[in-house]
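Look at the two complexes coming up: chain A is in both, with chain B in one and chain C in the other.
Here is the complex of A and B:
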């Protein structure tokens, strides 16, 4: 039972990262491999706000999210748009965006290493045990899970019950046809990219309350998020959330019953199963 | 298959002489220049082997560190009991097998699955090796004691480079090479003319992976103490991608143009600005995307084309004064 609850708590944070990435890849068609750096950057900002100004990280999100939104909007406009404009087909855009965001990954990593050093960081926030069904869990983990659930719920309502959210879903389905019904596709793509970055930054701020982080762990999170996105089906928010919870469960189970050093092996085992049996994603339809 | 024509014979002769001259280096210097030359030849083999697969398919493979590490570990585990040449064969088979599994799982689908899978592959193999060692063996590191000096590693790598170039040239002339050209230009067309695209890609990935494994095996004596984090160093994968694309992947000798300048630059930066290496890698990726999409090779070919056009124009003007 304790494995299931810790697995779900971990999966909640993964879900928010993956939802951010699925917005960027599913709507803007940019494979952003620097998304993990975005997350780590938010961890550092939350850490800095908490230790220097004693700002509560949950409140810190209110500062971090708009900052990440603007930063990602600028990245999309100045670095990614030229690639979108010159790409002849989707495959070329994928290769170009992978290479460009690798560049971004290493530059951001370099900046963080120079500023904060290569050490491990953490801080104490709500590190109080809470007892659920006879086992103890950190209050910070539970608060982070609830905050992630609230943010994901708000995103779901936005995408499915507002006019602009519908427009964004239309771009995800087919950018060319979306243009025909008077949707400003470049603007919607930039918005989705920035929103995805902001969501990832929010999950970074939440993660920093209970996780020990350092400047080079971004790529592991990017990889897990990518695997979740593929498992859930590209651009599918419900699928990403379900896949993230599954991954959280699988990792916690392997760490508890076999060895904590084998979490990536657990991730890959799930990934292999999906590739072999449902490459179109959990909720995806088979291409006819 | 016809035998060599006039032009090919000239290229082969020139290449043989060049290899011979380069092979004399250890007689002149045994210090810094030999050591950086070992690095250069190592990356030449790695990048050329990488290009064998990623050149025609345009799939960015980040599996280099995994194959390399498997090669290194094969030698580290077997050096006391198995003769070295046999270890090289085992290293090639082991990394080829891994390439086969990865290829079968991902290459039937679109390229993005392949990139994501290879992104964490080195980390996955490292975790599994570490787990096996902590649970089934006494120590985490392995000693590799051999009589090989830096110059022997250098000669072995040079020999391997020659084999890789010849293999690449043979593939280009074969049915497989022709199939890959069509797949690279348009995969749908390739499928329609009856090419088993997944099979062709998997075969090429296995060849490429096996060569990378051999490089890891040859370099194992240089480490002398092998541990999972040093053998499966993910930076190798990124550096290989940068150097190969910087040089250009359209021709088999393209990566050479990227490896030599980048290895020297990276060596200098590591020596004088050790905290800024990430910036070099980041800026190199940016430069490839925004400034050199076809690599140095592409720029050179543009120049040659310009010169030809210029000559043609001036010749025409000469005919009609």
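Here is the complex of A and C:
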């Protein structure tokens, strides 16, 4: 039982890491390699707010999310839009955006190093045990899990039950046809990119309550997010959440019953299975 | 044509000769090269134990007007390079420091792996290498292979065996029983300590009730702690690296792991450990230590905070500083910047460091701290290889 709960909690964390990238890659078609840096950046901001102004990280999210939204909007408008405009096809945009965000990764990393240095950071927030069925779990992880559920739920409702959400899904499916039905594709793409960035930042703020982070850790999160996004099916929130939960459960089960050294192997084994048998992702549609 | 070429050559040679001679006469400062992580996985550790110690020493030595070289005070400047925690990058840096920057001496790189990666090249250029942040069992072998290398921080075997000794002490006091859970990070330091520590604990009559390893970079420790908890150990020992040290401690606190002894590896001695764990840090055992009450140590720590803006750790910070003090005193004794002579002087000498008197027997410091414990907000050495002044280890008493 404790394996399942721990696994779900871990999966919730992974879902948080991945939903932002799902939006950015699925809708805006930007394979954002700086996703992890964006997340760690939010960790630092949450840390700074908490240690300097004693602002509780959950409240901090209220500040961090709009900030990240604006920042990512600007990044999209000034750094990514030119790539989108000049790309002849999706493949070219992917290559270009990977290169561009690879550069962005180093810029963000550099800023963090300049401001905070390369050291390890963490702080104590809600690190109190909560007993569920005889085992203890960290309250901060449970809060993160609940937040992940709320964020994923809200995102799902927004995408499937609002007019603008439908427009965004249309862009995700086919940007050219979306334009034909009077959807402002550039604006929807920018919005999705900014929203994805804001979600990533929110998860960063939540993660910072129980992760030990430093300026170099972004790549770890980017890798995890990439695997989850591809497993779940590009641009599919349900798929990403399910993939994240599966990954969390698999890692915890392997760590408990086999060996903690094999968690990474389990991750990649699962990833390979999905790629072999459902290359379009769990919920992804076969390209027609 | 021929003659013109010759004139050119002669002119160039003369010019070069003048420049070189001029350079030698004009040398007013001692150039020190430093290559260590400012990014990559080990940057977190280097930012605590390595770079600030160099900064403080530089400040101190230049405040005195520099190093006394044969009666002339020469200020020191440091050229710093980031090795991105990569051996290849570190080698390139050393190469550059030796051939382009032409530094007079080097600060040894940070951590075991990077020191070993660069040792052959440093030996080739003949710089003394005072490895202050390397813990390895190969010290004697390496000292023999690279006679210019010096190994200050100790051996994995002593670190691991000391853990067993401390556990025996706690068992004698009735704080713990015989059951121990042991985990390690699957990386050089963790594996070496596990290989030495497990037999040592078994030889001391402890029963290993849970044992596992986990990969470097692991963030989720709930499965490990709950599996260990299920085995109902009296003591928990983790040969861990900084990230995992924090992760395991946080999880143990949440799970309220009920043990009489809790040991975690590197970074337990970092001030950030106390910061992150607060009162829960009390009684936690960890790798390495200093004696914070030793003469001069409190004053040195205060100066460290003053000058660098960050607190020194309770382990390798002081050793890095000491390695530079040794270098300074050796240069002093020789009275020149001759690398070979300075290396010889380090071999034979006894040095006065912030960690007390230090002698390098066969290029190796034989007296070092191995295990420390947080007691009342300070990290006290509870075991060493003969330094003296060890504090008594106490039982871990809950996580509040």
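Note that the second predicted complex is superposed on the first by the 277 of 288 C-alpha atoms of A that agree within 3 Å, B and C clash if a C-alpha of one lies under 4 Å from a C-alpha of the other, contacts with A are read in each partner's own complex, and residues count from 1 in each chain.
The rule is short, and it goes like this: a contact is a pair of C-beta atoms (placed from the backbone, for glycine too) under 8 Å apart; a residue touches a chain by one contact, two chains touch by 3 or more.
On a predicted model such as this, the values are computed, not experimentally measured, just so you know.
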(message) Looking at A:113 after the superposition, I want to know if it touches chain B, chain C, both of them or none. Which is it: first, second, both, neither?
(response) both
(message) Looking at A:211, would you say it contacts chain B, chain C, both, or neither? Reply first, second, both or neither.
(response) second
(request) Scan A:104 for contacts with chain B and chain C and give back first, second, both or neither. (result) first
(message) Looking at A:271 after the superposition, I want to know if it touches chain B, chain C, both of them or none. Which is it: first, second, both, neither?
(response) first
(request) Answer with first, second, both or neither: which of chain B and chain C does A:279 touch in the superposed model? (result) first
(message) Per the contact definition in the header, classify A:259: touching chain B only (first), chain C only (second), both, or neither.
(response) both
(message) Please report the chain A residues shared by its interface with chain B and its interface with chain C.
(response) 109, 113, 220, 259, 261, 263-264
(message) List the residues on chain A that touch chain B in their complex, please.
(response) 31, 33, 82-83, 91, 94-96, 98-100, 102-110, 113-114, 219-220, 222-223, 226-227, 230, 259, 261-265, 267-268, 271-272, 275-276, 279
(request) Spell out the residues on chain A that touch chain C in their complex, using ranges where they run on. (result) 2-3, 6, 9-10, 109, 113, 117-124, 127-129, 135-138, 210-212, 214-216, 220, 251-252, 255-256, 259-261, 263-264
(request) Please name which positions on chain C make contact with chain A in the complex. (result) 37-41, 43-44, 46-48, 183, 186, 212-215, 217-220, 222-224, 226-227, 242-243, 246-247, 250-251, 253-256, 267, 270, 272, 275-278
(request) Report the residues of chain B in contact with chain A in the complex, numbered from low to high. (result) 58, 60, 105-106, 109, 111-113, 115-117, 119-120, 123-124, 127-128, 130-131, 134-135, 234, 238, 241, 245, 275-279, 281-286, 288-290, 293
